[in-house]
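Listed below are the structures to be examined.
Heads up, the next two complexes both have chain A, just with different partners, chain B and then chain C.
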Partner chain A sequence: MDPFLLEALVNGILLGGVFALPVLGCNLVFGVVDVVWLCYAELVMVGMYAVWFLHTQQAWPLYLAFAAALPLVGLLGVLLHLIVVKPLLGAPPINQLLATGGVLFVLQGGAMLVFGTDFRSLGVELPPMEWHDVFVSGTKLAAFCAALAGAAALWAFLKFTYIGIAIRAIARDREVMPLMGVDPRRVYVVASAVGGALAGLAACLLVVQLDVHPFIGLSFGPITFMICVMGGLGNMLGGFLAAFLMGLIVSTGSFWWNTEMSYVIAFAFFIAVIFGRPRGLFAR
Partner chain B sequence: MSVSRRGLIAAGAGLPFAPLSLPARAQPASGAPIRIGVLFDLSGPLAAAGSQACAVGAEIAFDLFNERGGAGGRPAQVVAADSQSRAEVAINEAERLISQEGLDVVMGVFSSAHAMPLAQRFEAQRKLLWITTAISTAVIKGRNFTHVFRPTVHSDQYGEASVQFLLEHSERAMRIAPNNLRVAIIHEDGPYGTGVAAATDTLAKAAGMRVVLHEGYAATAPDLSTLVTKLRRERPDVILHTGYNPDITLFLRQAKAGGLRTRMIIGQGAGYSQIDRLTETFGAEMNHFCNVDPAGTQMLEPEKLTPEVRDLRQVLMQRYEAKTRARDLPTHASTGFNSAWTFLENVLKPAVRDGGGSIAAMIRATQSVDLPVGGTIQGHGLKFYPPGHEMAGQNERSSTVVMQYENARAKVVWPTAIASGPPVLPFPASSPFALRS
Partner chain C sequence: MEEPALVLEGIRAGYGDFQALFDVGLRVTPGEAVGVVGPNGAGKTTLLRVISGMIRPTRGTARFGEVDIAATPAHELPASGIAHVPENRRLFPHLTVEENLKVGAFIPSARKRFAERSEYVFNLFPKMAQRRHQLAGTMSGGEQQMCAIGRALMSSPRILLLDEPSAGLAPIVVAQVFELVKRIRDEGLTVLIVEQNVAQVLRVVDRAYVLDAGRVVAEGASADLAADPAIRNSYLGGH
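For the complex of A and B:
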C-alpha cells in the first residue's frame, strides 16, 4: 500500500478522534435537554485558555492544569444551563438558539478582553513516530487515545450509574420519565455538567495541537455541528461514528484532490445525507 | 521651520520628558481637526496576524503628525473602526464612516478580501480610500480607479522577489540549477494568498522551475496534516507559503510532527512577518526561515535613507517598543506607519494648503507625490501610476525584500544591493526542517 495514502488514512482517523469528543458532548446535551448549545466550541476555547493560563502563567504541572479544566468547564456548562437555557426550556427553539448564540459572542468578546487577540501556545509536543515512512504525530496519537478513553468513560457512566441510566431514559422519553420519579431538572443539570466536562476534555486534547485565541471555535465549531446533524442530533453513537467518517472524508479528499476540495466533498456528502436521511446517517 | 521653546529646552538639556529623540518642529496642531477614518481588524484572527501592528504604526504616525503641527495647524483626528476580521463588518463600518460620520477619507484595510469590495464602493461614492496593507494585485489592477490608492506593495511583487531570490541563490547555495529546482506553493485561499501564489506560480514556471505542488486551504482549516503528507510525497526543495495565523503555526507544527523536511521554507508576508508570535511558539526552530515583505524600517541601513526619514524611523522604533514591548519591530508596524505618514504629510498637508482639504485637492496631491527611493521609512519611494494606467492608484515605486530570521531578528538577504549578507541556504542541520543527510 502507498505509504502516503496509509498516512492520510491514519491522519483521517486521528482527526475523527479530535472531532469525536465535542460531538459527544453536544449530542449528550441535545439528546437530554433538547437544546443546541451553539456556543459549545467556545466552551472548548475557555477550557483551552484555562489550561494555557494555569500551565504557562501559573506554572502548574500540565496534568493538574488538565485536571482543573474538566470541572471548570463542567461548571461553566451548569451555569450556562441555569442562567441561559433553563429559563428558555419552554420557548421556541429559535429563541434557544439565539440565546446560546449570544453566549458564543459573549465568550469570544470576554476572551478577547482578558487575553487579547494574540495566539497562545502551550509549547508542549510529543515526538513523532515513524514506521516504514509513515509518520504519525505523537501528540495527535496521545490525544486520540485520550479521546477514546473519554468516550469509553462516558459510555460506562451512562451504562452503569443510576444518574447515567436516568439521563439515557430522559433522552429516550422526556415525557414519561418524570411520571416514574425521575426529576428531569436534576438530570438536565447533570447532563449539562457532563457535556461541559467533555468540552473541557476536548480543550485539553486540542490545546496541545492548536494555538488558542478567542476565535479558535471557528476552526472546529461549524464542523462539529455538521457531524452532530450527520450522525443524528442526540444520537451519541451516530455522532461518534460520523466524526470518524468525516475525518476520513476530509483526509482522503485532501489526499486525492486538494485541501479545499476535501471540505467541498464533506459538505456535499452532508447535504446528500440530509436529503436522504434527514434524521441522520445513523438514526434508528 | 519654527522651533518650540519647550522642544528647544528639552532637546538642549536632554530631559527625559523630551518627545523621545525627536527634534522639535512646530507647535502642536490645535486648529479645527480634520477627521479621517482608520479601519483595521482590531479583533478576530487578522488582528494578531498583523492588523493590530499596522494600527499601532498608523496611530504613531497620526500622533507625530499632530505634534509637528498637523496640516496647516489643523490636527488629523482618527475616527477608528474595527472590521473584526470580517468582510461584511468592514463594509458596514466603512459605510458608517462615510454616511454617519460624514468622512471623505478612510485609510487602513488589512485584508485583501475586505479591500476588494471596499475599493469598488469608495470609487462609486467618490470618497478616498487609502489602502495601507491589503496587497492583492487584483484589488487595483484593471479597475481604473481614481479614488483608491495603495502606497504599499502588491501581490505580484511577492512572486517576483521569491523567484528572483531563488534564481540568484539556488545554484550557488544549494547546488541546484533553477530549472531543476522543485518548488511547492501553498497558500490560504483568500484574495491575498491566491494572488501571491498565482504570481509566484507564473513566474516560477517562466523561470523554468518545477512547481510540484500548488495548493490552497482555508485559513480556518482545523487540520493540514494531509497537505504535509502530500508535500513529503512531492519532495520539494523549496516551499513557498502564504498564510495568516494560526494557519501558519498549525502547518509548521504538523509539518514537524509529520516529518516534513526540505531545503528552505519561504514565507510570503502576513503571518510570517509576525516573528515574535512565531518565536513564542517555535523558539529557535524559526531560525533561517525566509520571508518576503516590504522591509521593516529597522532592517535598512540608516545612511540609505534621507535625514528626515531616518528621524521618523527612530521615532517609530522607540514609540512602538514603548507601546508594545515588542522585541523586534514587526514589518506591519512599519507599513502602517509609512502608509499613514505618507498620506498625512504628502497628500493631506498639501491638499489643506492648496485646496482647503477637499477630496479634489487630495486627488491632485496624490498625482504630485514624487518621493525617490529612500524617501520613506521602508526604503521605497512613492509615486502613483496615473489614471488610465492598468495599475492606476498603485505605488509604482513600492518594493519588497527577502529577509531571513535569526533569533527572532530579521536581516535583509535580497536584493543583494541592500542585503546585510548572503542567506543561510539550505536550512542548517540544526533545523528540524532540514533534510537529513
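For the complex of A and C:
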C-alpha cells in the first residue's frame, strides 16, 4: 500500500481518538442533563491555557500541569451547570442553547483579556516514530493513547460504579429515579464534573499538538458537535465510533485532495448522514 | 426498632386542575398486606405516588412512622424504608438485570448490603440469577415484573408499594406474580398493592380498600369484601 495513504489512515485514527474525548463529554452531559453545552470547545480552550500557563509561566512540570487541568476544568463544568444551566433546566431548549452559547463568547473574550490574542505554544514535541516508511508523530500517538485511556476510564466509571450506573439509568428515565433514592440534581452535578474533566483531558492532548489562542475552540468545536449528532446525540458508543469515522474522513480527504477540502468533504458527509439517518448513524 | 405504620388522613391530590383523590384515608400496620382495588382511573396510582413522594398532596397528612411524607423530598423516602414498584415497571431496558438491581441499591445503606440483598433477590427469583447479565429490556413481561420487584427489594424496604404488578401479563404469569407477592408478605414484609385484578388480589391481602372516583367507598377484610354482594357486582364482574 502507498505509505502516504497508510500514514493518512493512521493519522485519521489518531485524530479520531482526540475527537472522541470532547464528543464523549458532550454526549455525557447531554444524555444526563438534556442540555447541549455549546461552549464545550471553549472549556477545552480554558484547559489548554491552564496547562500552558502552569507549565511555561509557573514552571510546573508538565505532568503536574496536566493533573491540575482535569479537576480545574471539571470544576468549571460544575460552575457552568450551577450558574448557567441549572436555573434554565425547565426552560425551552433554545434558551439553554443561547445561554451556553453566551458562555462561549464570555470564555473567548475572557481568554482574550487575560492572555491576549497571541498564539501560545507549549514547545514540547516527542520524536516521530517510523515503521516501514510510515512516519507517525510521537506526540499524536501519545495523545491517542491517553485519549483511549480516558475513554476506557469513563467506560469503567459508567459500568461499575453506582453513580455511573445511575447516570446511564437517568439518561433513559428521569422521573423514576427518586424512587431509587437518587436525587437527579446531584447526578446532574456529577455528570457536569465528569463532562468538564473530559474537556480538561482533551485540553491536555490538544495543547501538545496545537498552539492555543482564544479562538482555538472554533477549530474543533463545530466538528465535535457534528460528530455528536452523527453518532446520535447522547449515544456514547455512537459518538465514539463516529469520531473515528470523522478522523478518517478528514485525514484521507487531505490525502486525496487537501486539508481545506477534507473538511468540506467531512461536512458534506455529515449533511448526507442527517438526511439519511436524522437520529444518527448508530441509532437503534 | 419498631416497625413504622403508614397512615394517610384526608389526602387530596391531583394533577394541575384535575383532582384525583378526595379526602382519602388509609392505614397500613406493620406486617400487613393491604390492597387498594377499584376501576381504572379511580386514583389508585395517584395514591401510591403520594406515598412515595412523587406528587405532593394538596391537603391532608401522610406519615410513615415518624416520617412526614409530604415534607420529605421523594429521593429521601427510600432511605426511610419506602420502596415503590411503579406502574409499567419502569425498568431500565438498556441496563442488565444486575445493573437494574444496582440502581435499586443506590442509597448508601443498601450499597453496603448489596451482596446480601442480591442473594436474597436471586433466591426469591432464581430466574434473575440466570439472567443477571442479560439486558432487562430483552426479558419477558413476567420476568421484567420480577426484576422490578427485585430492584425495589434491594433497598431493604419496610413497606413495598406495588402498582398493578399483574398489568399486561398472561394469566399464568399473573398467578406466579401473586404467588411471589404472597411469599414476600409471608416473610413479614409490609405490602401495599394496587390492583384492577380484584379477585386475585383479595386472595393475597389481609384487608383492602375500594377506591372509586377518588374516594374510598368501602374497606374491610378481604374475605368480607369478596363476599359482599355489592362489591361483587360492581368490581368483581358480578360472579
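One rule holds for everything that comes next: the second predicted complex is superposed on the first by the 284 of 284 C-alpha atoms of A that agree within 3 Å, B and C clash if a C-alpha of one lies under 4 Å from a C-alpha of the other, contacts with A are read in each partner's own complex, and residues count from 1 in each chain.
One rule holds for everything that comes next: a contact is a pair of C-beta atoms (placed from the backbone, for glycine too) under 8 Å apart; a residue touches a chain by one contact, two chains touch by 3 or more.
Keep in mind that what you see is a predicted model, and the values were worked out from it rather than measured.
S.K.: May I ask you to decide whether A:4 touches chain B, chain C, both, or neither, giving the answer as first, second, both or neither?
M.R.: Once the two structures are laid over each other on A, A:4 reaches chain B alone.
S.K.: Could you look at A:176 and tell me whether it touches chain B, chain C, both or neither (first, second, both, neither)?
M.R.: A:176 sits against chain C, while chain B stays out of touch.
S.K.: With both complexes overlaid on chain A, does A:15 touch chain B (first), chain C (second), both or neither?
M.R.: First partner only.
S.K.: If you stack the two complexes on chain A, which partner ends up touching A:165: first (chain B), second (chain C), both, or neither?
M.R.: Touch status of A:165: second partner only.
S.K.: On chain A, which partner touches more residues: chain B or chain C?
M.R.: Touched residues of chain A are more numerous for B.
S.K.: Any idea which chain A residues touch chain C in the complex?
M.R.: For this pair, the touching residues of chain A are 162, 165-166, 168-169, 172-173, 175-184.
S.K.: Inside the complex, what are the residues of chain C that reach chain A?
M.R.: 52-54, 73-79, 83-84, 86, 90, 92-95, 99, 102-107, 110-111, 151-152, 155
S.K.: For chain A, which residues are in contact with chain B within the complex?
M.R.: Within the complex, chain A touches chain B at residues 4, 7-8, 11-12, 14-15, 18, 112, 116-119, 121, 123, 125, 128, 130, 135, 137-140, 209-211, 213-216, 218-220, 223, 250-251, 254-255, 258-260, 262-263.
S.K.: Tell me, which parts of chain B touch chain A in their complex?
M.R.: Listed in rising order, the residues of chain B that touch chain A are 42-45, 47-48, 52, 85, 189, 215-218, 220-227, 229-230, 232-233, 245-246, 249-250, 253-254, 256-259, 277, 280-281.
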